[in-house]
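Here it is, the structure in full.
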Amino acid sequence: MTASPELVQLLTPEGERVEHPDYDIELTAEEVRSLYRDLVLVRRVDLEAVSLQRQGELGIWASLLGQEAAQIGSGRAMAETDMAFPTYREHGVAWCRGVDPLYLLGLFRGVHNGGWDPYEHNFGLYTIVIGAQTLHAVGYAMGVQRDGAETATIVYFGDGATSQGDVNESFIWASVTNAPVVFFCQNNQWAISEPLEKQTRIPLYKRASGFGFPGVRVDGNDVFACLAVTRKALADARAGQGPTLVEAFTYRMGAHTTSDDPTRYRMAAELEAWKLKDPIERVKAYLFKNQLADQAFFDKVDEEADQLGRDTRRRCLELPDPEPVAIFENVYSGPHATLEEERDQYASYLAGFAE
Amino acid sequence: MTTLTLAKALNEGLRRSMEADSKVLVMGEDVGKLGGVFRVTDGLQKDFGEDRVIDTPLAESGIIGTAIGLALRGYRPVCEIQFDGFVFPAADQIITQLAKMPLRSLGHVKLPVVIRIPCGGGIGAVEHHSESPEAYFTHTAGLRVVACSNPADAYSMIQDAVRIDDPIIFFEPKRRYWDKAEVDLSAPGLPLDRARVVRQGDDVTLLAYGPMVKTCLEAAAAEEGRSIEVIDVRSLNPLDSGVLAESVRRTGRCVVVHEAPVFNGYGAELAARLTEMCFYHLEAPILRVGGFSTPYPPSRLEDHYLPDLDRVLDAVDRVFAY
Amino acid sequence: MTASPELVQLLTPEGERVEHPDYDIELTAEEVRSLYRDLVLVRRVDLEAVSLQRQGELGIWASLLGQEAAQIGSGRAMAETDMAFPTYREHGVAWCRGVDPLYLLGLFRGVHNGGWDPYEHNFGLYTIVIGAQTLHAVGYAMGVQRDGAETATIVYFGDGATSQGDVNESFIWASVTNAPVVFFCQNNQWAISEPLEKQTRIPLYKRASGFGFPGVRVDGNDVFACLAVTRKALADARAGQGPTLVEAFTYRMGAHTTSDDPTRYRMAAELEAWKLKDPIERVKAYLFKNQLADQAFFDKVDEEADQLGRDTRRRCLELPDPEPVAIFENVYSGPHATLEEERDQYASYLAGFAE
Amino acid sequence: MTTLTLAKALNEGLRRSMEADSKVLVMGEDVGKLGGVFRVTDGLQKDFGEDRVIDTPLAESGIIGTAIGLALRGYRPVCEIQFDGFVFPAADQIITQLAKMPLRSLGHVKLPVVIRIPCGGGIGAVEHHSESPEAYFTHTAGLRVVACSNPADAYSMIQDAVRIDDPIIFFEPKRRYWDKAEVDLSAPGLPLDRARVVRQGDDVTLLAYGPMVKTCLEAAAAEEGRSIEVIDVRSLNPLDSGVLAESVRRTGRCVVVHEAPVFNGYGAELAARLTEMCFYHLEAPILRVGGFSTPYPPSRLEDHYLPDLDRVLDAVDRVFAY
C-alpha cells in the first residue's frame, strides 16, 4: 500500500503531509496533538486489556492494535448527535464517544454483554454476530429521515463481514432509501485466519458501485485521511446525499483475539512491513518535524497513558460479579410469569445452600 | 358492536395504533399499495403515507434488521412477514439481535417491534405457505409470542402488541382471516398475556391457539358423551399456566392441539409443564394432536396432515381409554 | 426500453434484425422456426394452466406471460450437460430441459412439490423461497470445478430477488471461486406489487461490477439476443472465465400469480406499451418478412399448441391425488423410528374409519 | 486402543471419512490453515488440499447453500459452523432447503450434508459462543440431529454421519473437546440412531446428551442413597425411544438434563413423549433441568445458568419427594 490515485492519503508513514484534490483538511496544532493523544491512550487501554486477559482477568479480548487511526479518525469525524454502530473491536470509536473503557472490559470479562446506554453516547452496543449491525444502522438512518434531523449514522464492519448477506442487504436498503449512513469498513486484511482474497477479488470499496453509491479507499493508518474522508461522508449523509462506503485500508497488527495464534497462518514479514506504517509513529513524526509538540508533550501523554492503564486495570479488578438474579433481569421490559417462577425457584434453591 | 372479519379487525387495530402514536410504522413486502397479500394493511398507506407504511425491498433479514434500527431511533415498527415459511431468512436478526439486545444493553434499550406472521395451513397453497413455526420462537428467550384466533381478540391483541415494549411475534391464523364476528371496538380486551377459557367443560381440557381454537370448539360441540373444556392459550410466551393448570386439575385429562409437527412442537412444552403442575390430578397422560413429523405436505394431502374434528375427538377417546 | 448501448438487442419489436458488435448470432430458418414453436407452445401451456386454475383445478399458478423469450432464449442456449436452477416461474426453461409440464401442474395443483428428477433433466427443483437457489447453483458449479468438467450452471431469479442476502452472497462465492455460473435475472419490472425502484436505484446488471465480474443487460423480449448473450456467458463459464450476470429486461404481462390483482398497483398503460414488444410477435414478423415460414407453418404450430393444451388439461385432470402415506415418504433416505410410528398410528386410525 | 481428546477423535474420524470417499469435503470459516478455531480440522487441508478443505467466505447461509449445491453435484460436504450462535444466518438454507429438498424431489435428491456445530457453554466466552440450539433443529423435519459426548462416540458418530444420505446436524460439546479417553480406532461404533445406557441404575433415570452426559455421570457417582441410571440419548432425531422408555418404566422416575433453556427445549419432547409411553409406571412427573428461559448469560454467571451436579441431584431429590 503506497499512495495511489485510488488510496486517499494525507500523511505519509514518514510523517509528511500530502495533498489530495478531494479531501483537504486544516488541522490546528492543538487538534493534531489531541488526535495523537487519543491514539496513544486507546492503544494503551488495549495493551492493558491484552495483559489483563493473559492474567486471566478477561475471558478474551479483541485487540485494535494497528487500527487506531481508522477508529480515531472516523470517531472524531462524528458530530455529537451522529450515531455509531460498532462491531466488537471499536474500542477507539467507543473512546471518541465517551464510553468508559470499563464497559468494554466488563463485556470481555463476562460481567455483562456491553451494558452502556446507546442513547447517552450515540454509540450502539457491540455486535458480535458479523454484519448484523449494518442493518440496524440503516434502520436508524431511516428513522433520522423521518425525524427530519440533520444526523448521520456510521456503521463499522470488517473485511470479512462484507461477505455476509446482511451487509449487502444493508447496502441495498441504504441505496434505495438514500439513507444518511456511512459504511465504514476496516479492511485489516484478515478475517481470523482468512486473507482478503477469500472474501473478494476486487478492492472492497468498489463494492459500492454495484449498489449505486460512492465508495472510497482511505489509508486506514492515516488519522488525517480517515478524519477527512469520514467527515466528508458524514456531511454528505447529513446533506441528504445518501450513503458512502469508506474502506479504511489497514492491518490487524495483533492476533484476531487473545485466543488466536496468527503464526499458524500468516508470515512474520507481512507484519514487519506494516509496522513501518504505524498509525501513531507518523503523527509523532509530523508533530516533531513541524515543531508542533515538544518532548514534554510526548512525555505527558505517555504518563497520562500509564495512569489510564493503571486505572483501567484497577477498576477492572474491582468489577464485582453480577448477582445470580441478574440472569433474569432485563430480558423483558416488564413482568413475565414464566421467568419469575424460574427466578423464585432458583432463589430458593440457592437459599437452601445458605441454610 | 361491528361485524368484522379477522383480517379487517387486524386492519382496524393497526389503524387505531397508528392514530394513537405517530411513531408506529408498518413495513414489509407489498404492504403499501397492495395492502398486503391478505389485505391486512389495506388502505393504511393511503391514509398514513409512504413514510409510515413502507414497501420494503424483498429481504426479510433486512426488514427485521432495519426495524431494530428504527426502534432504536424511537419508532415502533410493525413488520409483516408475507408467509410463515419466509420468516427464516430473518431468523438471525430475530434470534441473535431482536431477542437479545435489550439484555445486551442492560435494559437501556427497548425494542417494541411487532412481527406479524400469517400462519398455518388449510388454504390449498404451495410449499412454505402453510407452516406453523411458533416453536422456533417460543424457545427463543427475549421474545413474546402470541397467537390470535378470532376477530375480537385480533383487534385488541394487535393493539396491545404494538403498545408493549418487548419484541413480539404475532401469529395470525390465515385460514381464519375471512371468519366474521362481532367486535366491540371500544371495549378493552383481555390482557395480552392471559389465556381464555372459551368453552367450559368438566371431563377433558382441550388446549389450542390460533386456527385450532375453532377446530377444538367444533369438536367440543360435536362430542356427545363428554363435557369438553376448550382453552385458547393466546399467549405462548409468557404462558398463563395457572389458568391452564386449574382446568387440567379439574378435568384430569388434557389434549393439546396445534398444526405444527408434534415433535418438539409447542405442545411438548404444554404437556411437560402441565404434567409437572398437575401430576396427581391426571387420569391419563396429556396427549398431543398436531402435524406429523414431516415437512408440511403438498396441499392435496393437507387435510390428512392437519388436525381436524375427528382427530381431536379420537385423541379425546384415547385420553379416556387410559 | 429501446435499443441503447447498454441493452443488447438483435431483433426489434418490429421484427427487424439488428447487429451488435459483441453478440452476433447466425440462425438457420429451421432454428428460428424452432424457437418460434417453443415460444408459442410454452405460452399455450401457460394459458391452459391459468384456465385450469380459474376452474379450481390448480391451487395457484405463476404465469410466465411476456417472459417467453427470456426463458426460451436462455434455455436453448444451454448445452445438454449444463445445469439450470429455476425459481417457480421457469416453465419455459423447464420446457427446454424436457421436463413434462405435468410436473409443473402437479406442483401447483398440490400433488407434490415438484418431484422431477433433477439429474435426468439437469434442471433443479422449483424454488419458492426467493433467492435460495442461487447459492445451490454456485455450489454445484464449485463441484463442476472439482470434477474438471466443462459444464456451465445457470441460475434464474427475479428483480425482487436481487435484494436477498443469499443472492448477493452467491455473487461473492462465484466471484471468489471464479465458479462457472451464469446468473440470469429476469427483470420483469415487478416483485408482486413492488416496482423495481423498491429494490435498486441503478440498473440491475451493474450490480455485478461491485463484485468484480461482468454484467450485461439484454432485451428480454428478444429471443435471439437472449440466446446469444446466454450462449456467450455459458461458453465463458465453461472456458474458465467465471461468472456473468445477465439481466433480461422484460415485463410480467400477467398477474404475479393467479391470486394477485395487478390493477391494484399498476397502470394499464404500462401493460399496453409492453404489449407492443411482445416476444412472439416479433419472431413471427421476422419469419414472415424474410419468408422463412408460410401460413401453413404458423397454422401447424397453432394446431400443435391447441393439441398440447388439450393434452395438458386432460392429463392434469387425471392426476391422481397422492395416498396419505406419501406424507411420510421421502422425508428421510432410510428408516426413521419416530416417523414410522406416526405413519403406523395414522394408518390404523384411517383403517378405523373403513371398518 | 489410542488415547484421544474428543477434538482429536473427530479429527481422526474426518480423516478416515475423507480417505474412504474422495467426495467428502470439509468447508467452513478458518477450517483450512488454521484447522478451525477448535482445531478439529487440523492438518486436513495440508493432507487433502484446498479443493477438499475449503476456507469459505464469512457467510453461513453461503456455506450451507453452496454445500447443498455441492451435494447435488455428488459431493458430501461436512460444514463447520464456528460457534453455535452463528448458525442462525444459515437457518433459512437449513430449514427451507436442506431439510425439505429430498421430499421436494420425491426422493430423487439425497443431501448428505453434515453440519458440525460446537455447542454449549462453560468456557467463559462472550455472547453467542455458548448456546445450545438443538431444539430449533429437532423440530425441523427432514433433518437428523445427533450429539456426541465422548471421544469414542465422536470418532464413530462423525464417520456414520458422513456416510448417511440424510442431512445431519452434528453437535459437539465444546467444553469437552479436550477430555481424553481410549478410542478403539477399528471397532465399529453403536449405530448412529441408538441411545446408550452409560450407567446402570434402578431408582431413577437421567437422560442427557452432549456435554451434560458427563455432568450426569458425575451426579450419579456422587449420589449416595440412590441408584441412578444414566442414558446418553445420542440421537435426538430420530429418537431411540424404546431404550429410554424401558429404563423409565423400570425406574419409575426420570430427570432430563440439557443446557438449552427448558422452555420448549428438547427436554419438553422427551418429557412429553416418555410420559405418554410410561404413564402408569411413573411415580412422579418427569422433571427437566436446564438453562433458564433467558438468553445465555454473561460468562461470570454461567455456572448459575448451566445445570451442574448439585442442580441435577436437587432434581433427583425432588423427583423422589413426589
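For clarity, chains are labelled A, B, C and D in written order, and residue numbers in each chain start from 1.
Quick note on the criterion: a contact is a pair of C-beta atoms (placed from the backbone, for glycine too) under 8 Å apart; a residue touches a chain by one contact, two chains touch by 3 or more.
None of these values were measured; they are calculated from a predicted model.
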With centres defined as the mean of Cα atoms, the chain at greatest distance from chain B is chain A
Mind checking the centre-to-centre distance between chain A and chain B? Centres are C-alpha means, answer in whole Å. 40
Roughly how far is chain A from chain D, going centre to centre by Cα mean, in whole Å? 36
Which chain C residues touch at least two other chains? 112-113, 129, 163-166, 169, 172, 176, 198-199, 331, 338-339
Which residues belonging to chain B are in contact with no fewer than two other chains? 56-57, 59, 61-62, 85, 88-89, 92, 96, 100, 103-104, 127-128, 141-142, 237, 263, 292-295
How are the chains arranged in terms of who touches whom: line, ring, star, complete or other? complete
Please name which positions on chain A make contact with chain C in the complex. 162-166, 168-169, 172, 175-176, 178, 197-202, 206-212
Residues of chain A that touch chain B when the two form their complex: 112-120, 124-125, 127, 129, 132, 134-144, 146-147, 165-166, 169-170, 172-173, 176, 329-334, 336-339
Would you mind writing out the residues of chain D in touch with chain C in their complex? 51, 56-57, 59, 61-62, 64-75, 89, 92-93, 96-97, 100-110, 141-142, 144, 164-166, 193, 237-242
Spell out the residues on chain A that touch chain D in their complex, using ranges where they run on. 59-60, 88, 107-113, 128-130, 160-161, 163-166, 191-194, 198-199, 259-260, 264-265, 321-322, 324, 326-328, 331, 338-339, 342-343, 346, 349, 352-353
State the interface residues of chain D toward chain A in the complex, per the touch definition above. 29-30, 32-35, 37, 55-59, 61-62, 85-86, 88-89, 124-128, 262-263, 292-295, 297-302, 304-305, 310-311, 314
